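Order of writing sets the labels: A, B, C and D. Residues in every chain begin at 1.
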Amino acid sequence: MPALLQVEKIVKDFGGLRALSNVSFSVERGETVGLIGPNGSGKSTLFNIITGTFRATEGTIRFNGETISGLPAHQIAKQGIARTFQAVRPFMHLTALQNVLIGSMYGSRTTHGRDQLREQAYAALKTVNLAHKAEREAQHLTVMERKWLEIARSLATDPQLILLDEFMAGLNPTEVSEAVEFIKRLKDRNITVIVVEHIMKAIMSCSERIIVLNAGTKIAEGLPADVVSNPEVISAYLGDSHVHH
Amino acid sequence: MFIIENLHVSYGELQVLWGVSLKVPQGSIVALLGSNGAGKTTTLKTAMGMMKPTQGRISFRDQDLTLIPTHKIVNSGLFLVPEWRGTFATLSVLENLELGAFPLRARPFKDKTLEHVFELFPRLHERQSQRAGTLSGGERQMVAIGRALMAKPDMLMLDEPSLGLAPLIVQNTFKLIERLCREEGLTVLVVEQNVNIALGIADYGYILENGAIVGEGTTDNLLADQRIQEAYLGI
Amino acid sequence: MLNWRTGAILLLVVALIALPQLPFGEKDLLTLLISLFILAALSSSWNILGGFVGHINLGHGAFFGIGSLVTRSLWLDQGWHILAALAVGGVVAAIVALIVGAPALRLRGTYFAIGTLALAEAMRLTVGNVLPRVSRLPGPELRVYDIEPRYYLALVVLALIVGVSVWLSRSRIGLGMMAVREDEEAARSLGVNVFLHSMLAFVLSAFFAGLAGGAFAFFHVGYYPNYTFGPVWTFDAVIVTYVGGVGTVAGPLLGAIFFVLIRDVLAANLVNIHLIIFGILFIAIVLLLPGGFVELLKRRGQRLIPAGASTEH
Amino acid sequence: MSIETIVQTLLFGALIGSLYGLAALGLSIVFGVLKILNVAHGELIMLGGYGSFWAFNLLGLDPYLSLLIVVPGLFLIGLALHFGLFARVVRFDEEDRIKNSLLIGFGLTLILQTLATHLFTADERSITTSYSTAAWEILGIRLPLVRFSGLIIGIIVVVALRWFLRRTYWGKAIRATAEDWRTAALAGIDIRRTYLVTFALGAALAGLAGMLVTLQGSVSPNIGLQWTLKALIVVVLAGLGSVPGTFLAGVLLGVAESASALAFGGAYRELVGIVIFLIILSIRPQGLFGGSHA
């Protein structure tokens, strides 16, 4: 059985600028993988290529063994890949329930009756503790609630793989540990997760494996403890101490 | 002396700075360090009046800068070279530099400063009629710093000057910043991810983590400080 | 489920159906109501694309024009039954939308708006050039002109489009359309085919604009063929929809009632001053109250049928 | 068809086209700098036309002299409109900014047009001076002076505007703001004032065009939409790059219209521009308006 997600030799050029060069890795079913790297290292670009927002200049992406690179974004979503966005963006003028319903109506690969869809949507809202605000428009929710709503919306598409893009930015320590627990629980539901995050403590504690990008190339991959002691990673983050003096 | 006192800043309901305080003494170089998303850029933007703080005070040479529009702050002698460099791609190199002298305080010295900038960057002199958009990354960095000097600032703030540049160019940039401070008395606040190179030229440094200052000290003390590793790598 | 709201709506519908048979259902009142129905239908049809999907179509009048032109020539010149002519008029408008939709919907935001504006202007000029002679006054039809069938036809067209709008506001497809309006990229990431939803809304919107045009042709028998292609039809629809509440089912209806009332009350004294009032109101709403009247009512706790509350059953 | 007729028609086209170019300059500069699309630009042209008409009829002022009133007058109207309406939109991010400015312009169109009908009636008005019909004749080609003056004024405006944008601090500030307002603010430029001045400048240019429109033809309350559309076509043709380019595109549009009138008859001359517009739009659906002002 092939890995759930196979990223093979992805290259992405924007005009003359190479944002990603030859990035390859794979993610197994049920894994939680952290994707880290300094500013501008290409993490978001990679997310956008996996979800079909951008088209790779070269390379292939396979999901469940089938090539998905080149498919339009909505078809990739239907294959079972869900995502959240760096800047939280629920459908502001729709209610929380409607937000989630859109996920369950369009994302699911199986067709359900109306009532079942609504139940599913409510269930998704419950998992993020928003069921009591189902009828409230997203614009009237707090930023935290909007973040959770966006997660619920993605989960409602019944995904096999979910990509979380800097979900924890701006959270306080309690909220961060809640988020970490939540991500760990996704494993029990058999959902594979890729997390992009800057809060290193959080990403270290919820990822089983970490991939490090720097300036568009993969510079390290491995267990969290190994990755942070990797000299190349340290110099990518802290700067090369030989540059000066 | 440039002083930030107890600065709180929010994007909407999302608070990103929680009581940041720092000082940059006249004629010194201070580094503001921290990982991505720690709030470094927000601190600079707020200092330049591009974001409104919910609490706190910013002052420069005893003049209160809080809630003053950006163009007036520039005119008072504070200049920011932003993360995105801030060159106008469709304008020529010369026009970019001339625009640097837009603040009224700088206009009378325009020709003289221009000469000085061309001395510092002979390359820009050669390319003065070229559009800035056609320059290399390193050359655009020169335009950005040259443009800053044209404004006759008393204090320069630089946001990630090393971003996206080759090591040699980074090195030259930092040498130049050091020289401008030591020889011409420019006060500098530099925001960097690259700790080692920033502390290589700084007199003093602050560490920002999750929107709050978690450590500060002289360069040597900071280089030995475990908190830097912690702030950046979570270990 | 018969609550007071459903009851009130039912009562209103019955009253509207019975009106021509009632003693006070006179010609003037019926004429006023017909123009109200047509404006409300046209605005509601604009709202399907502009409100649900969020694409501002500034050439909507072209579909109104096509519908009226086709209906009128089939009905008057070819002697078809008005219902058949009307249906074909709507279908032709929808087909034109299908053809221009592919290139037009590639345009984003403002470019879509100015592109459709230019497209409608091109159609208006072409029709004016090619068909200068269709403007004959049809004598026989006028001699037997009876207002009642016009009234019912306009009412049926309006009822149809309101029905479809209500259905859209509660269905999966309608939700998908609103997702496109809110955020195209996020909608895609959940599996919504943005192009397909936009296209469907565009075609539906054109179809109903065509029906409204056909109803107008039946009601207002003598006019120059390019009159119905004029930008004023688009402009009225846009303004009425925004003032009433863009993206809601009730908005275009409320806006149209208000528009016709103000026009009629003020028309007696001052020419067209209602347009100034509406222009100011429109700007004020864009700047201060993007939800229009419906938003205002909602804030006061009286919920009309906003698209946003669609799934609560 | 004689060669004289052809030359004569194309020349007329070029002269009318210089008006298109002038009409487009104001729209283009406002769009380029403020990133707002003022669809009431044609109504500002209409107001300029009425200004000249009434200055001529009530004060007996020569239309060219009336520019001394009309141009500053429209500048002030521009200030007021920006201050009262558009400045509220400029705060939004780019997509909302364009969309809301479009809607506001749209409402403004309605108000100004109705107001003009109200105040001035729906009649077509024109200015007839002693030199209205004067013309030079060279080799059998007529060159009407009033129309020719449009071309000359257009060229003067282009040269002056280019000088202003390239040589003065304010001009450079406007170009810098057009490219990147954040960086411009960091350079010490007062963005809000730049926006205000630019919008008023656009309105003043519309006033100038309005005088020429009325002098060469006529003005009535409903001419706005046609002129907005013409200006939009020219802007799309030229892109947002350059002042001379915009003017030239206007002249070319005039020539193209005349050429089509020769080929297919006058009824289709209006269609040419729109068809070109739609073709360009469908080829380049995004990023039509690249570049900044120079």
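The definition used in the following text is that a contact is a pair of C-beta atoms (placed from the backbone, for glycine too) under 8 Å apart; a residue touches a chain by one contact, two chains touch by 3 or more.
Please read all numbers here as calculations on a predicted model, not as lab measurements.
Trainee: If we look at subunit A and subunit C, which chains touch each of them?
Mentor: Looking at subunit C and subunit A together, no chain touches each of them.
Trainee: Applying the touch definition from the top, give me the chains sitting in contact with each of subunit A and subunit D.
Mentor: Touching subunit A and subunit D alike, sorted by label: B, C.
Trainee: So, comparing C-alpha centroids, which chain is the farthest one from subunit D?
Mentor: A
Trainee: Suppose each chain is reduced to the average of its Cα coordinates; what separation in Å results between subunit B and subunit C?
Mentor: Subunit B and subunit C have C-alpha centres separated by 56 Å.
Trainee: How big is the gap, in whole Å, between where the Cα atoms of subunit C centre and where those of subunit D centre?
Mentor: Once rounded, the distance between the two centres reads 33 Å.
Trainee: Return the distance between the CA-based centres of subunit B and subunit D, expressed in whole Å.
Mentor: 42
Trainee: Which pairs of chains touch each other in this structure?
Mentor: Here the touching pairs of chains are A-B, A-C, B-D, C-D.
Trainee: In the complex of these two chains, what residues of subunit C are touching subunit D?
Mentor: Per the touch definition, subunit C meets subunit D at residues 56, 58, 103, 106-111, 113-115, 117-119, 121-122, 125-126, 129, 231, 235, 238-239, 242, 270-273, 275-276, 278-280, 282-283, 286-287.
Trainee: Within the complex, which stretch of subunit D touches subunit B?
Mentor: The contact residues of subunit D facing subunit B are 169, 172-173, 175-176, 179-180, 182-191, 291-292, 294.
Trainee: Over in the complex, which subunit B residues touch subunit D? Could you list them?
Mentor: 48, 50, 69-71, 74-75, 79-80, 82, 84, 86-91, 95, 98-100, 102-103, 107, 147, 151
Trainee: Which residues of subunit D touch subunit C once you look at their complex with the stated criterion?
Mentor: The touching residues are 37, 85, 88-89, 95, 98-100, 102-104, 106-111, 113-115, 117-118, 225, 229, 232-233, 267-268, 270-271, 274-275, 277-278, 281-282, 285-286, 288.
Trainee: For a test of understanding, state which residues of subunit B touch subunit A in their complex under the given definition.
Mentor: For subunit B paired with subunit A, touching residues are 11-16, 35-37, 160, 162-164, 167, 170-171, 174, 192-198, 200-201, 210, 228-229, 232-235.
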